[in-house]
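Got some structures for you, see below.
In the two complexes that follow, chain A is the common piece, with chain B as its partner first and chain C second.
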Partner chain A sequence: MGLKAYIVRRTIYNVILLFFVLTLNFLIFQWMPGDPVAIIASSKRLRPEQVESLKKLFGLDKPLYIRYINYIRNMFTWQFGYSYYSLKPVREEIMARLPNTLLLMGTSTLLAIVIGTAIGVIAAYKRGKLFDVISVTTSLLTYALPTFWMGMIFLLVFGYYLRLFPLAGTMSRPPPEGLLPQVVDMLRHLFLPATTLFLFSYGTYVLLMRSALLEVLTEDYIVTAKAKGLDERTILFKHALRNALLPLITEAAMAFGLLFSGAILTETVFSWEGMGTLLWNAIEFQDYPILQAIFYIIAVSVIGANFIADILYGFVDPRIKYD
Partner chain B sequence: MSNGRKLEHPYKVKLRMLWRKSKDFGRHFLRNRKGVTGVVILVFYILVALLAPYLTPYDPVYSKYVAGPRAKPLWFRYLPGLHHLSMNLEPIEDPSFKAKPKGIKVEAQPQGFPIELRHSEDVGYPRGSGPGSLLLLISGSENTPNEVKVRIYVRFHYPYNGSPARFTARVALFDESPNRVYIKARVFLEDAYGKEYTLSLLSLRNGSWAIPQPPIDSYQAALRVKLFMSVLKDPASVIFSRSGDYTYGVELSIKGLRKGSTVKVYVDDFYLRLYGTCFGLLGTDAYGRDLFSQFLYGARISLLVGLLSAIFSVAVGLVVGLISGYVGGLVDELLMRFTDMLLVLPTLPLLLVLTAVLGASIWNLIFLIGFLGWMGFARVIRSQVLSLKERAFVEAAKAIGAGTAIIIVRHILPNVASLAYVALALSVPSAIVSEAALSWLGLYDPNVMSWGRMLHDVQYYGAITDWWWVIPPGLSIALLSMSFIFIGYAIDELLNPRLRARR
Partner chain C sequence: MISENRTLEGKVLAIAFICFMVLALVPMFAFPGAKAQEEQKFEKVGPRVDYLLIKIYMNPEAEALALKTGEIDLMDWPLPPEKVEEFKGLTDVKLYEFVDLGMFELDINNQRWPTNLTKFRQAIAYLVDKDRIVSEVVKGFGMRLDIPIPPVLSFWVNPNVKKYDYDPEMASKLLDELGFVDTDGDGIRNDPKTGKNMEPLVIYGRADDPRRAEVARMVAKELQAIGVPVDLRVIERKVCYQKVMIEYDYHLYTGGWSLSRDPDYLYDLWHSSMYWAPEPWSLNYVGFINSTYDHYVEIVKYGSDLSKIREAAFKAQEILAEQVPFIPLWSDVGIIPVRTGWAGVVNEVGAGPRSWWTFFNAHPEDRPLGGTIKWGFKSDVETLNPYKAQWYWDWLVLDKIYDTLIAVNPYNLSQDMPWLATDWSVDPWTAPDGTKGLKLTFHLVKNATFHDGEPVTSKDVAFTITFLRDYNSPQWIAQVRNVVDVKTPDDYTVEVYLNTTSYWALHWIGGLPILPEHIWKNVKDPTTFEPDEVPHPIKPGMTCLIGSGPFVFVEHKKGEYVLLKANVNYFRRHPGRTISISSVEVPESVTAGEEKTIQVKITDYLGNPVLNATATLIVLRDGTEVTRVSLSHEEGGVYSAKVKLPEAGKYTLRVDASYTNPLGTFTRSASFSVEAKAPFPWTTVIAAVVVVVVIIAVAVVYLRAKRRPTV
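Up next, the complex of A and B:
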């Protein structure tokens, strides 16, 4: 079977998967307790006819199957309805947060992949030496440290004691005048959360790259290369590294798939106005339309990223047969 | 039996082999540096968890106000510039008078008539701590004045330069005097300058117990009103403004004492408690709960949630992976699609939503964390089973008529057991961190104190600068997680020797 047929088959499979996830996403929030309209009504002292119009606005006056059909249609047309809490369109709320999250997650993920991989390669090259031991131990430690705790410590040391970075938020309020000061201000706010996320995730790439390389280095063709008298560096970069990159693709695809989800814990510690804090606030306020929308976006991006990774695999490794 | 030895029962042989194997494994394990480090850390935290009740008398959640709120660690007193920290102080050692009282004085004004203070063993304030009280006996004589004042007090030295965080006081009085004797009581405190503060006034009624109402507590606004103090002032710091000798006591004004009649007043639950601004190894939280106890008991929760969730998720993963891989067909398809579905949904948000719905009891946390953690492992097991079931020994088992269940349990399971041990050790850390994250966000079981909840409280009460409160729980989460990662790696290296060079 060729690549084209494979892509077609994967696409069909992924659409079915997405459909199932959509249904699950619908059912979870049907099953959740609490009537949000009742909550709004009691907190804002609404008259019965206003309650009715609210129900209409959220489409809660219709039977379950109609709501399900509406829900599916809305998801495919990216119409997510209105937030129960702020009564604003969900799309507006998400679009306000998405750039911040992409900035935070994008920076930290890219840094983690590049630096983590580099450290992993060096660690494999110097296996058993001090650098190897230290880099493996530190990546395990930063992986095991709870992100929110790391964030608290950073805030305490760099924000509170040393006063190098702001304590909370995405930008100063009011924002400084001029483009350059604004960029600098943003970067100052970005530094601590991005570092926290970077430290949390880079270890995965160190360990992954290191073990993949060491695994490849036991293969026959490496022995052959050694027998040919090639030096260690050429073997590592020309022969081993390319093949060791394969597991990295899956891992990186997964990380990119989660770009949109934001990081609930890190964003909460640093009061970063991203998708993570939006999600957590939505859970606290039982704001189901926002939760549904975010879950949907994450599902689509994860499925998409995995799909791309599957295809990329084929290009990078011609040994793989699609079947 | 030609050699004269009885054949051993096969069960015994098996046991002996198992013993030899595990001894062998243990010997190799102890040679592995990572494994030993992991085990040492783990044993430390297991000991902490098991010995918690012996290391601290306080309950981590319910023992409130063992000292002032947000007290600093006790050893801070010995640091430069922090001598002003005060410790808990109770001038009356045995306030419920179980034994004969010490240091309590009695004084009458005017003097000159018989007065006696003795220990009563059988009478006691019924809502206090059982029998045992002080009995005050005053007999009237010819020249007894119309009004007699009797003071029962204790003089004590307050050795700290800084004031206490809070004080509470109480006295329970029982009047058993003849008719037409009227007794009023006044609870007072005299500071180091000789200034007297009236904390509470009581009138005694014949045949009943009287206690100060409202209770004497420096936190209560009523006390400030009584002391004519502004709302912004704290009675504890106004009264205990410096070190020196203080007096705490109760003054009885007795009217109508005549010749031949004897006034009997029982005194019980006679205490003054000063809550220190430093306490214990790690200080206290916003409710005056001992942080060291919270830290000790937190180890229990992390270990419990980590281990049980890991066992649960590995068990589910094993079952799904074995069935899916071995049975194949429609079952495989269904199980794997379900797995994919759960893998696509983000774990932490899903965990948060489900915990918010089901409630954050400790068993729900264990169940949910376990339930959302098996997917990756199930896939690994499935792919392993797919290759195992083509092997000759499975064919052979089939040929002699073994059923599916037997083949899975007796022939396939032992071959994936090493993977299961590794997965078990490696899913504990993620369960520990998940629990901590949920608790930190506020989804904790109100009846238990975990390290994550400690960190939640830090954030909630704006105590992030109290580093002695922030560091121990966070570091412990990391160390305990790391110990399991190390153990997992060590098991992996020993059981899958082909990969020995990898890590």
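Up next, the complex of A and C:
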């Protein structure tokens, strides 16, 4: 089967999967105990006509199957309805935070993949030497430390004692004049939370890359390459690395898929208004439309990222056939 | 048996009470408590600062660090006890201590066996070591309570009620008297009803509050020590809420209340009409039903004579102390740090330095006006819609934007002060159907305006009351639900007719935020309206979040900050908040008809020269404008113009200056008296000289001719 047919087949499969996830996402919140409008009505002391208008606003005055059809249509058109809590459009609530989350999670994930992979390659290449020992130990240590604790230490050391970085937020108020100073200001705010997340996650890539590469380096074809007199660099990067990349692609795909979910603890420690805090508040206040939308976005991004990873496998490793 | 109607009625009041609880935390309406360390001074003009910047920290630890670094000037929340010592050592931080207007208590289910027995509850009261709780659990940052009135409301405290000091022997004795005796010697008391071992008492402790969790553990241990089995559940607050307030499935619970300055909460929390079981959720979730108590708290709630209300409140406290429907434990003592360098901080009773008055009065120590005060919040605001806002932090912002008719003295919570209302009266009134009620008459100030320049009139007040009532405002319905009618005899007089005789009705209406009718009359659905996100219909750059308060809304960036600026047109503006015009060269007298240069210097409220003012010099004679010229800026705030006074006489030179900065436009006039004198009469003098010379010349010629000899 060729690539095109594979893509078509996987697309159909993913659409079915998405429908399944969407349906589950719908049903879970239908099964949750309590009438959401009753919760809102009691907390906000609404008049009966206001309750009715709220029901209309949320589409809760319609039968279940109509609600399901509307829900599916809304999800595909990114019309997520209104937040039960703030009564604002969910899309507005999400879009207010998504850029912050993408900046934070995107930066830290990208750095973790690039730097983690590079360290993993070097560690594998220098197996048993000092660099290997230090890099493995360090990555295990930062992986094991709780992010909130690391974040607090960073705040204390770099924010309070050294006063190199701000203690909270995404930008100074008032913001500095000029584009470049504003970019620098934003990077200063980004540095500590992104570093915290990077330190927490880069170890995964170090260990993954190191173990995959060590396995590949013992393969016969590597021995053959060495016997043929190829230099170490060519063996490492041209023959070994490419074959060791597969698990990394899976891991990276998952990480990118979860970009949209935010990082609750890190966002809280650094007062970084992102998807993590939105998710947490939605759980706290039983704000189902927000939860549905976030779960949907996460599902779409995870499915999408895995789809891309599947395609990439074939390019990275020609032995993989699309069948 | 409680009737359905009474139940509903009670619910309305209950929710109203919750709204009031929230209000109680809003400094403007709240009741300051405790001991004020500072001189009890505050001023009724302001604000002095230019900006109030509220920075949001989702991490309280980061907020504390921000205070230390100077990123913020004060915090919104008292320091945890373990941090107080650390902050005491800081030289650039001053700590303010206050007693909170709230209470923590051990709630007892009065409707469930065996805690429905008064003696059993009294036995539990003897097992609670309040002094130990204050010293060990609260670590000294609390004051012991024996009645549900915090010390800050000292006027209402009955000092003679029965107190329960720690006495396990007395507790055992009471249980023995009730027949709860360990008959089989297994260490567990037997239930006199069944003869078997007692069923465990279900105790809920709040896992989110270590102090309340610890109290639950202490009480459980004490009960077990005298042979009462317990089922201790230290658990997440929502579960506690569900089990205690919704299902009433508990024996003991470590509860807590924020209270209001008026003692009518004695009715709202423990009157029998507030117990609605088997319906879920009651304010009186302890299920205290006592007709004598009801009688007294009805007087407290609806009475109109202060001395009788006080007497009834004292009686009600005596009943609570005897019946022990719950066990009052302590009121928090809070410590809030403020950076040094600020003057005018008001340590309000019950609220501490986060008082509304602090932001109205504070200014940098080295200058009387200006600067930005930065306030840390540990939560973002949820909505800035005064109709529906109920979150504590929402009102910390909104009470700076919206004004009220009546203010409260921050050092004496029982003292109402004129604000938007200059004075008021409370008179009896009888409705057409014979219902006895009250007529409140408010006279308004005449110089108050909303932030967009529209005047505040009685129409706005009447609109506010009816709007909040008719749209059933979740936050304010309790205050306006008894309003039958509102009349506006003139633009500055409001008459409010209520179908209640409650002494507290004045506070209900006097504490409402006054909304601008011209904005809110167009709001179709106040539940979804977000005024800070809707542009003002006329004023560019403004939103619909406009009130008449001392601060003007500028911006809210979600999760990051809220920025407010001083309302420079506030009706109680600080007199120094203006520009100054001083004479540099304005002579007291000039020559009429002669052109003269006039120079004045214009400075702002900080004393800085104003470089971009618009200034006009108007020449007046006997109040009539003679001429006007524009003054042009030379340098360093000095403005000049050339002027010619046409005739001799007395003139007034009036300089009208206007200056706009980011806060708004400042205008001011200054007048100088000048006398124009007539010019010296050189022509006459010369003519006279010429005449004299000519005469002399003629005379000389004549005389010479006369002397010449004739031939």
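In this text, the second predicted complex is superposed on the first by the 316 of 323 C-alpha atoms of A that agree within 3 Å, B and C clash if a C-alpha of one lies under 4 Å from a C-alpha of the other, contacts with A are read in each partner's own complex, and residues count from 1 in each chain.
As a convention for this text, contacts are C-beta pairs under 8 Å (C-beta built on N, C-alpha and C of every residue); 3 or more make two chains touch, one makes a residue touch a chain.
Quick caveat, the model's predicted, so the values are computed rather than measured.
Trainee: Superpose on chain A as described above, then tell me if chain B and chain C fit or clash.
Mentor: Aligned through their shared chain, the two binders clash on chain A.
Trainee: Between chain B (first) and chain C (second), which, if any, makes contact with A:239: first, second, both or neither?
Mentor: neither
Trainee: Which partner does A:268 reach: the first (chain B), the second (chain C), both, or neither?
Mentor: Both partners.
Trainee: Of the two partner chains, chain B (first) and chain C (second), which one does A:163 touch, if any: first, second, both, or neither?
Mentor: second
Trainee: Quick one: chain B or chain C, who's touching more of chain A?
Mentor: Greater contact footprint in residues on chain A: B.
Trainee: Have a look at where A:155 lands relative to chain B and chain C in the superposition and call it first, second, both or neither.
Mentor: After superposing on A, A:155 lies in contact with both chain B and chain C.
Trainee: Look at A:173 in the shared chain and tell me whether it touches chain B only, chain C only, both, or neither; answer first, second, both or neither.
Mentor: second
Trainee: Classify the contacts of A:88 with the two partner chains as first (chain B alone), second (chain C alone), both, or neither.
Mentor: After superposing on A, A:88 lies in contact with chain C but is clear of chain B.
Trainee: Touching A:277, do we find chain B (first), chain C (second), both, or neither?
Mentor: The answer is second: A:277 touches chain C but not chain B.
Trainee: Of the residues on chain A, which ones does chain B touch that chain C also touches?
Mentor: 152, 155-156, 160, 268
Trainee: For the complex, give me every residue of chain C touching chain A.
Mentor: Contact set of chain C toward chain A: 15, 53, 55-59, 61-63, 65-66, 68-69, 71, 380, 382-383, 388, 390, 471-474, 477, 525, 527-528, 530, 557-561, 563.
Trainee: Hey, which residues of chain A end up touching chain C in the complex?
Mentor: Checking each residue of chain A against chain C gives 43-47, 50, 53-54, 57, 85-88, 96-97, 152, 155-156, 159-160, 163, 166-171, 173, 267-273, 277.
Trainee: Mind pulling up the chain A residues that touch chain B in the complex?
Mentor: 17, 20-21, 24-25, 28, 31-33, 127, 136, 140-141, 143-150, 152-153, 155-156, 160, 211, 214-215, 218, 258, 261, 264-265, 268, 279-280, 283, 291, 294-295, 298-299, 302-303
Trainee: State the interface residues of chain B toward chain A in the complex, per the touch definition above.
Mentor: 337, 340-341, 343-346, 348-350, 352-354, 356-357, 429, 433, 436-437, 440-441, 452, 455, 458-459, 464-465, 467, 470-471, 473-474, 477-479, 481-482, 485-486, 499, 501-503
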